[in-house]
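Common to both upcoming complexes is subunit A, partnered first by subunit B, then by subunit C.
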Partner chain A sequence: MSTISLKIEFGGGLELLFANQRSYSLSIPAIVPTNNRTTPTPPPTPDQPQEPVETKPADVTYLIHHMRDHLLKEREELFIEDDTVRPGILVLINDVDWELEGEGEYVLKDGDEVVFISTLHGG
Partner chain B sequence: MAPRTCALCSTAKAMLKRPKTGQQICRECFFYVFETEVHNTITQSKLFRLGDRVAIGASGGKDSTVLAYVMKTLNERHNYGLDLFLLSIDEGITGYRDDSLETVKRNQQQYDMPLKILSYDELYGWTMDAIVEQVGRKNNCTFCGVFRRQALDRGAAMLAVDHIVTGHNADDIAETVLMNIMRGDIARLGRCTSICTQGEDTIRRSKPFKYAYEKEIVMYAYFKKLDYFSTECIYSPDAYRGHARAFLKDLEAARPSAIIDIIHSGEAFEVREDVKATQRVQRKDPFSLCWNDWFMCLSETCQRCGYMSSNELCKACTLLEGLERGMANSGITDRGRKKMEADGPTPNNLRTIPFYNPPSGNPAVTIETLA
Partner chain C sequence: MSCGNPQTEQDALMIRRKKFDQARTCVKCKTNSGSIVVRYAVYCKECFFPLVASKFRRSLEPTINPITDGPRRRGLKASGNLLLGLSGGLGSTVLLDLVNRTYFKEPSTENGIEKPRGGKDHPRNGSVWAKTAVCYVETCSAFSGVRDKTEEIRAVVDKYDRFDFIPLRIEDAFDNAWWENIGGPPTQQEFGVDVTNEDLFLSTFATGETDSPVSCLKNYIASLPTQTAVPSAVQTLTRLLLLHTAMMTASSHLLLGTSLTSLSISLISSISQGGGFVVREEAQEEWTPRMSVDSNTTERKAGTVRTVRPLRDIGMKECGIWAWWNGLHIVGRERFPGGRQSIGALTKDFIIGLERDYPSTVSTIARTCAKLAPKEGADSICLICERPAQYGIQDWKARISIRSFEDLSSASYRPSHFPERIIKTSPTTPNPPRSPSLTPLLCYACHTTLTSRSIRGTTTNSSMIRRQSVPLPVWVNSRFDIDEKSNGEIWARTQMKGDQMKASIAEFLLNG
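Up next, the complex of A and B:
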C-alpha cells in the first residue's frame, strides 16, 4: 500500500493538545476510506461479511481524523467539530491559507506541510 | 487546482483569503493592506498628535506583539513622530505571566523600544497567585481585571505617556458587544465599541486594531514570523466569554462579515435616556446613593489613593481592603460588604495603594532601555 509523508506543525497554543510537541512527521495511506476511518476495518466474520469499502485519495479531512485518532492527547472537542477543525483554528497548506486550497477536500501530496494555528488564545 | 494570482497585484501567488472582503491576495499585498487599514483607522479617528508619547500595552500575546510591530512600522513609514514604549503588567501568575514576560523582553530587543514592567506585587502587595490562594478560582478574574486597569494607568503615568494603545481586535470587540447584550449591560454596550476612551484625567486609551480581524492578525504574525506567546491563563478562563467567543466563531465560519456587522450594530445602538437612567440607579448601591452622589460632586477621585473613582473608594482600594482584612468578598457582593462594615472601621495600619499622581509630563521612573 503506498503512503505519503507529511509534516505537520502547531501554533498558537494548539500544540498543548498534542503532547506539547510543535512538529510531527507522519505517513498516512495514499488511499483512504471515504468515511475517514483511520483504523483497519475488522476482519469479516460469517455473521458480518466484509462490505466493500469506498475509498478516496487522502485529503485534509482524513488527516484531521488521523490526527484525532493517533496524535491528539486531550480535549478532542477543542480540535475537531463536525468532521472539520473547530472554528477559530487556521490551517495553512504549504504556507497557503487552506480556504484557497479547497479546505478539507485538498488532496495531500507527498512532502506537504500542514500548519494548524489556534486563534483562540489570549492576546 | 491551479494556483490563483493575487487579486490586488495580479502577479504573485495568492496566499490567503481575507475574511473581511473574500479577496484572495498574496503575502506582500496582505502586509500592505493590513498595515494600511490600521493606518487609516489611526488617521481617520485622529488617534495621535505629533510628538505624543504612546505606551503599547504588551502582554507577549499575538495581538499586542503584532500591534507593537505595526505601530513601529507605521510610525516610521508615516512619520507619526511618536515616542513608543512597551508597558507590561505582571499579574504574578507563575507559569503564565512569567513566561509571557520573557516574550515581551525579547520584543523589547527586537523592536528596540523601552519597556516598563509594573507588577501587582509592587503596586498592591499581592500577586494573583496569592489572591487566588485566598479567594479561590471563582471571583479571581474580578480582582485581576480591576487591578490591571488601574495598573496600566499607573504604569502609563510613570512613563509620562499621553496615550495607551491595546491590542483589542475586531473579534474581541464583537464578542464584548454580544456579552453586553446578553448581560443587559446597556451602559457598557455604548462604550465598548468606541475606539478611544478618556476619563477626566485618565490617559487616553485606544484600540488601533478595532477593525482588524483576529484571523488576519494571526496570519500576519505567522507570515512575519513574529515571536509571541500563546497559553491560556491558568486561572479560571472566563466561561461566559468563552461561549460568546465560540458562538462568534461559528457565525464567522458561516458568514465572515458577521464580526464587522456586530461591531456596526453595537455602534448603531442608541439607548433611550430613561432606559439609561434606570441602569444608573440599578448599578448604584442604594444604601450609599446619596453619599456617592455627594462625593461625585465633590471630586471624582478615590479618597484613599487618588485614582479616578465615582465612589468614595475606587474599586481597587475596596478589593484590596477586603483582601487585607481577610474578607475578600466585601468588594464583590453586597452581603460581603455589609459583613465587613459590621466588622468595624478600616484599621489604620492597612496596606494601601500608593497615591496616584496623574501624568505631569516627566517620567517618574527610570525606563529600562537597551544597553
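Up next, the complex of A and C:
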C-alpha cells in the first residue's frame, strides 16, 4: 500500500494538545476509507461478512481524523468538531490558507506541510 | 432594493457562500498568487503585512494626540507615557509586536527583532511616548489548577529589551501595600459587603480581622452567585489594576490587544450581563483617576488615561497568521476553569463559529455596537468598575424583577419613591440601625455580577457567614470612612464629591 509523507506543525499554543510537540513528521496511506476511519476494519466474521470499503485519496479531512486518533493527547473537543477542525483553528497548506485550497477536500501530496494555528487564546 | 453593504447583506440572509471572491490572485497587487483570505478578499503574503499594520495605525493614531481626530501632520506626540496590557494571549502578543515595529524599530531592521541602539531610554527610541511599559496581571490565584505564567510572559517582554515589565497579581486588588505603593490614600478601615442581600449592606471588619490578599480574593470570587459572574469580576479587577498602573506610570494611553473578534465577544457578552449602558466604553474609554498622584513619584500629575484597542478592526484570523508568519511565541491564556457554561464562554463559541461560517457578521456586530448610545446620560461613576453608571438602578430592578419574599420584606421599610442612597440610618426605622448600602453606588452590571442568581440556584460552596462579609477591592475600600463622632457610622469619603460624581450623589453627601 502506498503512503504519503507529511510534515505537521502547530502554532498559537495548539501544540499543548499534542504532547507539547511543535512539529511531527508522519506517513498516511495514499488511499483511505471515505468514512475517514483510521484503524483497520475488523476481519469479517461468518455473520458479519466484510462490506466493500469505499475509498478516496487521502485528504485533509482524513488527516484531521488521523491526528485525532493517533496524535492527540487530550481534550479532542478543543481540536475537532463536526468532522473538521474546531472554529478558531486556522489551517495553512504549504503556507497558504486552506480556504484557498478547498479546505478539508484538499488532496494531500507527498511532502506537503500542514500547519494548524489556534486563535482561541484570546486577547 | 437595498442600499446596504452587499457583503453584509449577504451574511444577513445567512446564505453560505464561497470563502473568497473571484480568482486566487491578490486583490491588492493583482500580481501574486493569494496566501490568505480575509473576509472574502484574497491577499498575498507581501500585501498582508502592510494591510494589518495600516489597520492598526488607523485605529490607534487618531487617539494619540491629546485632541482626538485633530490634525496630525505636525506629528504624533502623546501627553504621557504608554502602558501595554499583555495577557499572553494572541491579540496582546501581536499588539506588542506591532507597537514595537511601528514606533520603536529603526528602519534598517525591517525583519526580525533587533535591539535598539542606545538602549530603551535613548530619546530616539521614544518619540511618540517618552516611556513604554508592559503590564501583566497574573490571575492564577483566582482559580485552582491554573499555572503561574509570569516568568514566561517576562521572557516575551525581555526579548524586546526596551519595555519596562510590570508584573501584577490579581490579588493586588485586595492588597493595601499595592494600593499605597501606587499612591492611594492609606486605608483606615476595611469594609465587607453582604452579598446575600440585594442592597449590599456594608459592614466594617475589626482591626486585624482581614485576611491576606489571596484569601480576600478567594472569598470575593467564592461569593459570586453564578459561573458567569466569575470571569466578569476577574475582568473588572484586571481592568482596574491596569488603569491604576497606567496612572502610576504617568501613562496617557493604555493599549489592549482586543481584536475585532474578541471585541464582538465582549460586546455581546457585556450586553447580556447588563452592561449595555457602557457598550461604547467596551470599545474605547477615558478614565480619570480619583486620586492625585504624589508628585515625587511621577513627573506628571494624574491625568486621564485613554484606553485604546488598536486591533479592533483586525480579526483573530489575521492575528493568528501575523503571529505565525512573524514567529511570535504565544504563551497562551487559559479558559477559565469551570466557566464553559458562563455567558462569556458561550458567547465566545458562538461568535467564533459565526466568524468562520459568515465572516462579515462579526465586524457588523462591532460596527453596530459603536453606533449605540445610551438614552439617558451617566450621572455617576460606579465604585467597583469606575465606569459611568446610571442613577436609580435599584428602583428599576425592583420594578422588573421577580422578588422573593425575603427581598420584599427588606425593601418594604422605605417608600419606593425614596430610593435608598448611602444613608445614615433613619431615626424612624423600626429595625436595629442599618448599615449603608453599596447598591446605589454601583452600575447595573456590577450589581448584577454580585447579586444575580442563576435559575439553577445559588452557590453552595461558600458559607453564609463568609457571604455576609465579603471583602471589597482596595479602590472601593478607600472611598469610605468611619465617622468617629456618630458611633462609627460609615460615610463615603468627601473625595467622592469629585467632579465625576454628579449632582445626585454629591448633593446628598453634602446635606447628609
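In this text, the second predicted complex is superposed on the first by the 121 of 123 C-alpha atoms of A that agree within 3 Å, B and C clash if a C-alpha of one lies under 4 Å from a C-alpha of the other, contacts with A are read in each partner's own complex, and residues count from 1 in each chain.
Everything that follows uses one rule, which is that a contact is a pair of C-beta atoms (placed from the backbone, for glycine too) under 8 Å apart; a residue touches a chain by one contact, two chains touch by 3 or more.
As the structure is a computational prediction, the values presented were derived from the model and not from experiment.
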Touched partner set for A:95, first subunit B, second subunit C, both or neither: both
Subunit B versus subunit C as contact partner of A:30, first or second or both or neither: neither
Which of subunit B and subunit C A:80 touches, first, second, both or neither: neither
Touched partner set for A:12, first subunit B, second subunit C, both or neither: both
Touched partner set for A:72, first subunit B, second subunit C, both or neither: neither
First (subunit B), second (subunit C), both or neither touched by A:117: both
Subunit B and subunit C contact sites that coincide on subunit A, given as residue numbers: 11-13, 16, 87-88, 90, 92, 95-97, 99-100, 115, 117-123
Contact footprint of subunit A on subunit B as seen in their complex: 1, 4, 13-17, 24, 59, 61-64, 167-169, 171-172, 214-215, 217-219, 222-223, 230-233, 245-246, 249-250, 252-253
Sites on subunit C touched by subunit A in the complex: 19-20, 24, 34-37, 42, 45, 87-92, 256-259, 261-262, 311, 316-317, 319-321, 323-324, 330-333, 349, 352-353, 355-357
Subunit A - residues contacting subunit B, complex: 11-13, 16, 86-88, 90, 92, 95-97, 99-102, 115, 117-123
Subunit A residues within the subunit C interface of the complex: 11-13, 16, 87-88, 90, 92, 95-97, 99-100, 103, 115, 117-123
